[in-house]
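The structures come next, written out as structure tokens.
In what follows, chain A forms one complex with chain B and a second complex with chain C.
This part shows the complex of A and B:
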């Protein structure tokens, strides 16, 4: 794949709340977003039609529902936020769509189904729904299905609760399509999609003495093909790959990925910036990608001592770590994603910038997701941050970056060059220009 | 020195973050607070490194070595049971307060802990407010902390029966997800001056690097030891903690000019000389403790 040339925002959706997760489903037809208010909004891609050739690929709202509500844990005097931390789709098995959504404590399985027919002609009730007097019914009729306006319903099918003491940061559906894992700061549980009252604890890094705690789990993911393998990343910048066949409790890793720290770059904040915020397997299952504060690293699962590729996302921030610590930006958890063919990776940055790296050509591009710069059908202009010396025209200096405009969540269509970028409370969808 | 000012500033900011985390929605975030505590620890190391370099010349050699070892060996903390004997003195500052020096203070603590939680929070706030920087107040602090801890930790935590009081103290204070209370008066517990760098180094000199970091790791909510089914993210003692920090820091700032006082922790004695002496005094009891185990 050559460098991706992006077209423009096909649809911009404004939410009152900040978007906290974005995820395409397996076919790319649906795009789900979760926000801080506990709502899930699902977009559906318009089918191609001869009547409106230019509308191909537009995503429109398909369904909106309240997934999680704020809760209060009376026993611990803790408020549980309704913010959706992650959404993961299940592979589609019938006409309905299923997804898992989670907040800090509870995971829910939602069924999203369409209803475009309604049965009419019931015997025991009339059209208004009022019950008919059975003694007055003299004939029987068979109810008939009549078309109606399309209605998309979301209903919670399973609620997986009370299994996590700490805050859930990840969920991942297994390739067996029957189980999934959920990870919090110290533990990882394995669930069966049908069973809500039990889960297996497969990783537990909580020390007997909490004073000895030195690292927490930051992300976890199941291998895309091997249902017995999963990885989890830590706040210390390490990744552990575990094999569930080896033991019931996978505290002992099968592989341990860590890059030795560069002692020359040590600072007060070295530990913070090495904390991994996201880990994603490549579609092939051969590689995995990790995101820490300043870089993205691609690891070959067969090589544990260092990544095979490292991409600097915004190295110019290294000298600003103290300010970023003060304003809490250093704790931002950026996600990363692969394109469908694993040839490119994408991640977000500040000032509504997001970055894409082509693994083959080693070229990278910085783009901006903002209303001013994105008229529909317009081409996105590459951006550049001036890191020192004289600022060229069109460049932006580091000091004028807006650190409140951060792109933490991005998603790439599994098959096409369509990307979804969440910029605070706006969702941007870009797609490749069709020549 | 510039870097000391910077380190001090970072410590203040870190403490502010720890304080604010308790009022944030959704409960205390373990990950963020762990990271903040790491920064706090690093800043503290830098801040203290020069101070002790000049003052404790004798120990410096060993300290420097142990410091590096400790830096990397965070995981190898000796289980509490092995270090139940608190041999610290005032040198360890307020943390020592939590860590009763000898059996007597321990018993006092126990009794206080047993006394029960009539109004732990309030009881704690008072003494801690005034006493955080005074060596004499250490006892008060510890007692107040203990009573606090009593409430927050319903069941005596963990292993060491002999250190029960201390442990309880620790866990209660530990209730905070962050607060690498290295500095903290929280009494980093049974392992004496985890927080206090000076004595820490001393200890490590004897006990190898197993102490790992001088700073307390993230403390997550209490009751972790016993009640596995009912793990809580209990943060009831954060306020106490913050009060300790608050007062200690203001005390620190006021005495900024006098070098010996420039301790990140609720500093105890004034001069470095005294500190050193006390540290050396500690040495022997600690030696004994180690031999015993």
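This part shows the complex of A and C:
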């Protein structure tokens, strides 16, 4: 992969700056990030211009706004974090851009619009805004639109609140562009974008007796083309595909995807590492990808009993599961993403490593997102983790991996080979170097 | 047989500390297959009808027991003492040294078993601690809690099958010691053996909530035997009522808070039917006649859940904030007033336990309850 184009790092590490979600819009022109402090930062790609040929494809800050504020639930005496869990763009229908952002409890629809003209020549107020005395006005004039510096405004258009008792982990816009689903640990709701005061509950796995709770919903997504189909994954490593035409309540799945467990590798941690942290449909809609702790699996929607492809992300961690359990890293939720043509997939790992797998050639590569190791426009060097025995030069041993530097969120441009990688509070954007 | 002593004798041998996580991981991974061929080995203090643990002559840190084939047993030993040791940080236990002879070949096997058990125990403790550490300000991550709880249950099941499951709430020594020296949690859950002549009830940490059994032990036994199919450990009846009550409250809150509406006919009726069937089946299967075990360990019974909570005890605990004992509370962090106190450890050590109003009232229990009540007032203020 090519160059490190943008680095939005700050020298002082601030908890609120930890990036919690990254998402390209449908055209790839805009890249949105959400952070732990409830802010959304949107980057826009520079248009190619003859004046600055080297700046092709750079992403610059386009808009920043505070999406969610911390709240306090007085009923339960608990804080509601403002951390942005997910951002999903809506398809663009007019000049403005719309996105959904959510924290643990509330989803908001934001309109991001540009303003580059300003009306001047008002009758009732001066240029500086002071009101004019109406009795002094002797003539009327028509205000004229004058160009101004580009201003990007973000305004909340809808607030979808009070529908989730548990923490929202996913939102997904439906292909009909009118509805979207939101999933928390035990329930999935279906919303209409125009209606904020009610939503339909379509999945509820809460047991009557909470002591019987053994499984939670970890992720959900709408099918990219079939607006009646969605999937949700669970903490037990299963994926359920549901058809909303079959019943109003989709507790009964249409398809059930689960890979039989390998009895030889069973341990006390088997269930935890089988918990699916992310599920993504391919752009074609024919496959879906799931990420569990150690691997990424590609499933054919027509085959439920096992995945068609399995990629090991960091198998060398299998012998360290107890330590990872102790420091809670085993519960890290890694995301995964497809490239535009579904020929490659990408996911993150520890030590600021991220991995890319080519599905056709079966080759994979490990790269590192760090400032020390990547200068702008420099080629990234492939990394390798040494699992045992003699450590070769440039290899990193498993014991020297930094488990605090984890890449949980990555995004791939929908059309080009441009990727965005969030490393704690830094955002890295890499793209293919074309000669 | 002597009853379990109220105070542990001072001549117990010292248990080795739990191994480090790295060692644990290596052990669990490497030894797992070997264990399947391994026969059961008792871990028990002396004088219990099972073999004592004696120090391995070759290694200071290995405690091995006499190789013995037995039916599934639950032996209360210093194993649970040791676990509580980890929390109370200080009191050491020692096994009395009877010096039974053991064969060489069982020695190695026993060594493996005790190490694996130790490490499994360490994992169990780690998991319980993780469940305890509820973030008071923000709701804890439900997914993480559920995964840890499932791990605990898994360990529990395996220990049950192995016959080394120690009842968490088992009394060991706390009876005559003052609460300040021991955890209040264990104090509350302990039943002083000298005073109470009636069989005691123990609630065991549970996640199979649909079935309920109360495991009763004979006071003279100090051991609890549960049926083989009892990966089923359960919740006490009154505790369940508390949760149901709380669950009901929570549902109300949900209705008020949530503005979502469900379309279509609910599947609640079907679910209820299924649950009932399931419970019935499990209850039948759990009524294993433990005659053989009874002969070995004396009288004991497994009592199925009898409805009708003890009203006298309920009165005593009517002012206890039941939400503390709600598993839902633990999982979702719903607490009316987060406060750090001994009762935090109580409901976290054994979150499935309701207020200790289990079973038949007794003088000593009411004394303990009053003590708890007083403690709660003192500490809670």
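In the analysis below, the second predicted complex is superposed on the first by the 419 of 435 C-alpha atoms of A that agree within 3 Å, B and C clash if a C-alpha of one lies under 4 Å from a C-alpha of the other, contacts with A are read in each partner's own complex, and residues count from 1 in each chain.
FYI, a residue touches a chain if its C-beta (ideal position, glycine included) is under 8 Å from a C-beta of that chain, and two chains touch if they have at least 3 such contacts.
Model, not experiment: these values are computed from the prediction.
Taken together through their common chain A, the two structures put chain B and chain C in a clash. Number of chain A residues touched is higher for C, counting chain B against chain C. When the two structures are aligned on the shared chain, A:322 is found in touch with chain B and with chain C. By the document's definition of touching, of the two partners only chain C reaches A:200; chain B does not. Using the contact criterion defined above for the overlaid structures, shared-chain residue A:213 touches chain B and also reaches chain C.
Of the two partner chains placed by the overlay, neither chain B nor chain C lies in contact with A:114. When the two structures are aligned on the shared chain, A:76 is found in touch with chain B and with chain C. Touching of chain A by both chain B and chain C, each in its own complex, is seen for residues 75-76, 78-81, 104, 165-167, 185-186, 208-216, 218, 235, 268-269, 271-272, 275, 322, 325-326, 328, 331. Residue ranges of chain A in contact with chain C, taken from their complex: 75-81, 104, 162-167, 185-187, 189, 197-201, 204, 208-216, 218, 235, 247-249, 251, 266-269, 271-272, 275, 319-323, 325-326, 328, 331. The touching residues of chain B, when paired with chain A in their complex, are 6-7, 10, 13, 17, 25-27, 29-32, 34-35, 38-39, 42-43, 46, 74-75, 77, 79-80, 158, 170-171, 174, 188-189, 191, 194, 212-213, 216-221, 224-225, 230-234.
Listed in rising order, the residues of chain A touching chain B in the complex are 75-76, 78-81, 83, 104, 165-167, 169, 185-186, 206, 208-216, 218, 235, 268-272, 275, 322, 325-326, 328, 331. Residues 21-22, 24-26, 28-29, 32, 120, 123, 126, 130, 137-139, 141-144, 146-147, 149-151, 154-155, 206-210, 235, 243-244, 247, 253-254, 257-267, 271-272, 275, 326-328, 331-338, 352 of chain C touch chain A in their complex.
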